[in-house]
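Structures for review follow.
Two complexes are shown next, each including subunit A; its partner changes from subunit B in the first to subunit C in the second.
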Partner chain A sequence: MTEMTTPSRRQLLTLIGRMGGAAAMYQAMTAFGHAAETQFTGPPVLTGAKPGASVVVLGAGLAGMVAAYELTKAGYSVKILEFQDRPGGRNYTLRGGDSFTESDGTVQKVQFAPGNYINPGPWRIPHHHRCLLHYCRQFGVALEPFIQLNHNGFIHSGSAFGGKPMRYKEVATDFRGHTSELLGKALNAGALDQSVSAEDKEKLLEALRHWGLLDNNMAYTSSVHVSSQRGYDQPPGGGRNGAPTPSQIAGLSDVLDPQVWTAMSFYFNYVMQTTMFQPVGGMDMIGKAFARQVGKLITYNAKVTKVAQGGDGVTVSYKDAPSGKMQSVSADYCVCTIPLSIISQVEMQVGPKLAAAMKAVPYAGQLKMGLEFKRRFWEEDDNIYGGHSFTDQAIAQLSYPNDRMFSKGPAVLLGAFARDLGAFQLTAMTPEQRIEAALKQGEVFHPQYRKEYMNGVSVPWSRVPWILGCTSRWSEANREKHYRNLVEMDGRVVLAGEHASYYGGWMEGSLLSGIDAITQIHERVTAA
Partner chain B sequence: MTEMTTPSRRQLLTLIGRMGGAAAMYQAMTAFGHAAETQFTGPPVLTGAKPGASVVVLGAGLAGMVAAYELTKAGYSVKILEFQDRPGGRNYTLRGGDSFTESDGTVQKVQFAPGNYINPGPWRIPHHHRCLLHYCRQFGVALEPFIQLNHNGFIHSGSAFGGKPMRYKEVATDFRGHTSELLGKALNAGALDQSVSAEDKEKLLEALRHWGLLDNNMAYTSSVHVSSQRGYDQPPGGGRNGAPTPSQIAGLSDVLDPQVWTAMSFYFNYVMQTTMFQPVGGMDMIGKAFARQVGKLITYNAKVTKVAQGGDGVTVSYKDAPSGKMQSVSADYCVCTIPLSIISQVEMQVGPKLAAAMKAVPYAGQLKMGLEFKRRFWEEDDNIYGGHSFTDQAIAQLSYPNDRMFSKGPAVLLGAFARDLGAFQLTAMTPEQRIEAALKQGEVFHPQYRKEYMNGVSVPWSRVPWILGCTSRWSEANREKHYRNLVEMDGRVVLAGEHASYYGGWMEGSLLSGIDAITQIHERVTAA
Partner chain C sequence: MSERPALLLLALPLLALLAAPAMGDTPGSVQAKNNMAEGKALFEQICAACHMADARGSGDGAIPSLASDANLADPAYPVGVVMNGKGAMPPFAELLTPAQVGAAITYVRTHFGNDYPQPVTEADVRKLAQP
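This part shows the complex of A and B:
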């Protein structure tokens, strides 16, 4: 942390800005601890590539496509092999008319009305994911706000509030109020006099009184004042009946339910913090934008069976699905973005360290459901526009659509984002049973559910044939032992993808790992 | 609070939904404490009006226009007199080409690029302002999210953090962390054993550990874990350099600065809670939408000088500004929405109680400034998309534009939203001095300010000729003494506007007061 005073820092930055423009300013600000928000400081600079140097990329997800895009720009000759018949990988979107086949052959036809969609994979973009935002800007992907924290969303716990869903604003205010009252009591009793200076004690008591909405006796009690955060029984209005009436606070025991502070902490999370974004029209707008750049390099329906390497290059064997014929591609280097969950299906000629790392990382099996309703009752009846409602049931959460708010007609909400045990439970069901479970559980929040329901689709990631899992899940022990081995180039092969990053499950991680992978190749090429 | 169990409540609501549809459901849910978010349950039902009954409305702001709209729908004959040459009142927007004249004759020409604007008056709409949202829906006013809480906005205090602006996420995390650690200490020392049951104590310690990101010793210390909320020195990335490094937490004394908890509490405020909205293209889209309905009833440039009433009607005298001629309008009733700050200029024939109430309420003199810059450096360099940065300087806050994020070219941010002393200071300056002050103060956050600045405009509400103030400011004592007298019909005259509501300064208050005013007239008419 710099010891410089504010004025001289400012003067210096102004000077830097005048001399060097925005990029220099950004670097300087980062040095001052002002904007260190990403590993990304701009697209990779791959100057001095040998003409004709070639790379084969396995997988046309974001990691593979950004690698191909930047390599091509730098003068490399690139080919991409993709298992599916479309680009994007987990960056995809289901719309009416699409169908989805699980690994056991179960088929679901999506029946959403035109314009409605669900993003089964990634669905939100943090404001600090500068690498992803860079490519969205560059490729003209239109973004709109993804409402994350919605104070009017619900929190439901079977073991608190008599099972009644509460608004976020209610439980968050009560949590702050009760804990402030308790800390105030301890301070006033002198219990913390050895930990807090007399001056800080006074400041803290003042802070708690305001922050926790405490009354003159430093108690958290129902009042119009408290209602100015937790909401009213009757909110302020106009004319003769304009006076508000207070709501009744909940007790300490209820707001200590783990569901309450888990939900509050969720919104504090760095990768979950507002402002967030989504592409207008569906997340696959990003994958499609990349494919507009590198689509002509992609061979679709190519099931990779073997990656062989030697001193002079890499040979990748694959089966062309339509013809069933075996084919091969040779190149100087290979970027492999195939998920670790299915890489065991590929014969990989790599060293023991990388081989061990590839086997070490388990995948989580999240499940998402999109439910279409006749109208936006969550907006019209419940004043909920975007954001989430959380529950300790299997569905875990509802998320309300962020696009076309206030519009009439059918709309799709995320009716489940199940993890862990909840995902196992729902995945084990038939698609029809999953819908029934989602309706039954979601009714806790919205009694309108049954009346307004039209159709739905569920995507259990552990049964998605081309990945058999959703996101890599690194333990700290595995990171320690295997991460470095996983991401370092092995001969002429280097891995990329969200699993090759500290941003597991985030597109930013895929892109940054893709850039580091080609940076390693380029370092090798230019060092040679 | 109902004692019913969740399933039977749900079953009942489902039944109600099947029988009565959405409106019945909404009513029922409100009864269950589910959705009591507004005094508004739908537009007023004014059946049985006497044909030809007439009302003159003073002022074509939102209160006056909603009154005229609903009265006309019900069969009343309505005329509106408006002082200005446009509808909307404080609901307005300044764009390039507009000019703004202060009460002392000072003229500012707005130089913004096409599409850029500033809303000098109301500028954000809470999700629970159902009355306003109802009319936006009905009149087809397109809305977009107004980003309120932005974890990446700055908080600046001259007396904390050595004057260095901090990100909201940093100070909010540190505040929670330090207070959690202290409360944990007090609990573990047994200091609260008389206030908290043994079971709750265990639950609370567990809650604090997670919510406050405490370490195994229940201490708040710098770590990657803490950085997962307050941000990193180097955030997670991909490939070889993917491992994050932690940021350094601030000390307790700094986060106890009032600027910190004031900013945090601001976001908790019921009327400030996410999700919020703004009209696409400028706030005056709402005033214009109302004017599309009632514009033909409005006489513009009409300066009301006298409101006389007797047993059989009301006569309003006004000066037609272009001709200078005195005119008058007679009607059965009058809705007066003229702000209390200038109503002393009108000879009002009302009883002593209303007369006293009209004199009792002072107005606040906020000041707003719009600054246009060559590019969105706050987005491009600082990762700030919408939301606010707060300071204890006179400008009080910056607010970043919520429209057309990621776009290229000039953009306007709110460079000051000064209240109280800060507003006095800035209002006393010339427009050029205000700009200089705003640039100097705003530079604390953004060293790019000087380099990127293009032009700006300031609106000191206490010098806006047609109101001489911004919003009514009721004290509790005044409410007690005068509110009821202000909003109750006096003979054939009834007042409306934000000042006649408990939502001072909010459009919802104006609309609800306008609806209550015409409800009073209608009750009188139909009772007669």
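This part shows the complex of A and C:
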């Protein structure tokens, strides 16, 4: 009897959800040990806005557009000023027919075949970025898997394996095998008896033997057993020649090359774990979906030059690019999402703490390249379907298309995703030199490159005119000193964008910061 | 024992990235060490990415010009900026060696309308880089 009056956990959650809305539901779920994966508790609930209260939003990236969307829903009157002639900001896709102009005026024309594209900025979405996924769901943005970990992708280092690319599954298995053997030796020699109880020692040895694929002597050696993870010389077949033959394991010193464990630990990152997603047809489907909601609020080609504020409002001056005329917009409040890398172009009337914070955040300068080839040789010849290959050369990695696998005709792969010095080196080149470098370096993996190459485009973020950088890279020291000051409303102005979040370099951070910015405005408005 | 510092140097920049609490989207590889020594090559292949080949910067001063730049007179300023970063410019202390930083700064201090012939040495960089 009592059992029937005690609600099940699910019934309780449903009840809480009905009574308290998504936020209460989420809190309850967290209390039950579920879903502690995001700070997103559902879209903001901004009730009781003063009729006619107005907000001007600077920048039509995701931070600006989510702010505008939720403010409008709550009854605010909103205007957006955007420097470019399109919405989305870094949420951006290049297709055949597009052109891309660098900060020095260099123009590249994209020549991809219809349907092909490259995402020069954001390209993958973690399954726990629930805020972004919420808006994708709400706006009907179709998502498909982004193949992250591909065991058949390549690992290349100039200082290991004789410079020959290895398959991820080979080196990852070998790393595990060799380190397991070494740990087993240390345990059996009694070297760890101070740290491990006799019982745990037994358990650990057993684990190492299985996890590391060790033989009866606790050694990591080439065998069909090991090949069942690292791959075979001759894989299992049918009939008379069905028996597999083992592959040869690599030696310890090659396997200790940092390229190996870096790749392995990369996939362990919270933000890099499978399952990941991408929008069908290009990342800008998300920006376009937001623009379907708020596009009519956007003034394009508007370069903001000044933000002035006083007791009764904010006045934003901007240059209308086509006419060169200066214009201005006034509003009660302002959300500024202009990247900090170029905020020095804007005369911002803000307090000294925010002014200092705006100057305290370094930006990365990554570079991506899209290369179009006549056919999917990585699939047809090399059995690679999506995912990545890593190298210690400037291009850093190749990534294979995650969509339309097995299709005929031209396809685009990501021929470089460079960072740090490698990115600067490629950026400093002309577009033609960049392509040549990408072909030369990528050939290490795929000798088919030259024969199949058609055309390509490079996007060096430090030369993208409206940002001159890639994403914010807060150091812990700067965070400590400046983060609160950056995200706290200053008079009538509040900053938002990926730089105003603990999720720098992710669209989720842009959205969450946009929501917090308008929540601050709303709290001010409703408190008054 | 003598090999240790070299190995640590190789691993440090990477560890710094991996240690960051919420890492931004990034490639998953390690880069080979860059052994460029010449100031000219360092400028043209690294600095010019943002400051441009003519050292005039871009974005109406958002990335500053280094041409005819009085800030370069005292080596302490450029060394501090390059090693520790400034504004949106990232710190290079983990990407370049002090010798490379010295060579690049020496090159810029003697080109692009700058005339400060005293070289900036590796030792200068080590001494001046304290944040």
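Keep in mind that, in the parts below, the second predicted complex is superposed on the first by the 500 of 528 C-alpha atoms of A that agree within 3 Å, B and C clash if a C-alpha of one lies under 4 Å from a C-alpha of the other, contacts with A are read in each partner's own complex, and residues count from 1 in each chain.
One rule holds for everything that comes next: a residue touches a chain if its C-beta (ideal position, glycine included) is under 8 Å from a C-beta of that chain, and two chains touch if they have at least 3 such contacts.
Just so it is clear, the structure is predicted and the values come from calculations on it, not from any experiment.
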Quiz item: When the two structures are overlaid on chain A, which partner does A:Val304 contact: first (subunit B), second (subunit C), both, or neither?
Solution: neither
Quiz item: Touching A:Pro258 in the superposition: subunit B (first), subunit C (second), both, neither?
Solution: both
Practice problem: Figure out whether A:Leu62 sits in contact with subunit B (first) or subunit C (second), or with both, or with neither. | Solution: neither
Self-check item: First, second, both or neither for A:Tyr503, with subunit B first and subunit C second
Solution: both
Quiz item: Taking the superposition as given, does A:Ile286 touch the first partner, subunit B, the second, subunit C, both, or neither?
Solution: neither
Practice problem: State whether subunit B or subunit C is in contact with more residues of subunit A in the superposed arrangement. | Solution: B
Practice problem: Classify the contacts of A:Ser341 with the two partner chains as first (subunit B alone), second (subunit C alone), both, or neither. | Solution: second
Quiz item: With the two structures laid over each other on chain A, which partner does A:Trp211 touch: subunit B (first), subunit C (second), both, or neither?
Solution: first
Quiz item: In the superposed arrangement, does A:Ala423 touch subunit B (first), subunit C (second), both or neither?
Solution: second
Quiz item: Regarding the shared-chain residue A:Asn269, is it in contact with subunit B (first), subunit C (second), both, or neither?
Solution: both
Exercise. Go through subunit A and flag every residue that touches subunit B in one model and subunit C in the other.
Key: 258, 262, 265, 269-270, 502-503, 509
Quiz item: Contact residues on subunit C for subunit A in the complex?
Solution: 10-11, 13-14, 18, 20-32, 34, 44-50, 52-53, 58-63, 85, 87-91, 95-96
Exercise. In the complex, go through subunit A and note every residue touching subunit C.
Key: 103-104, 122-124, 157-159, 258-259, 262-263, 265-267, 269-272, 340-342, 344-345, 359-366, 388, 390-394, 396-397, 417-425, 427-428, 460, 462-463, 465, 468-469, 471-473, 476, 502-506, 509
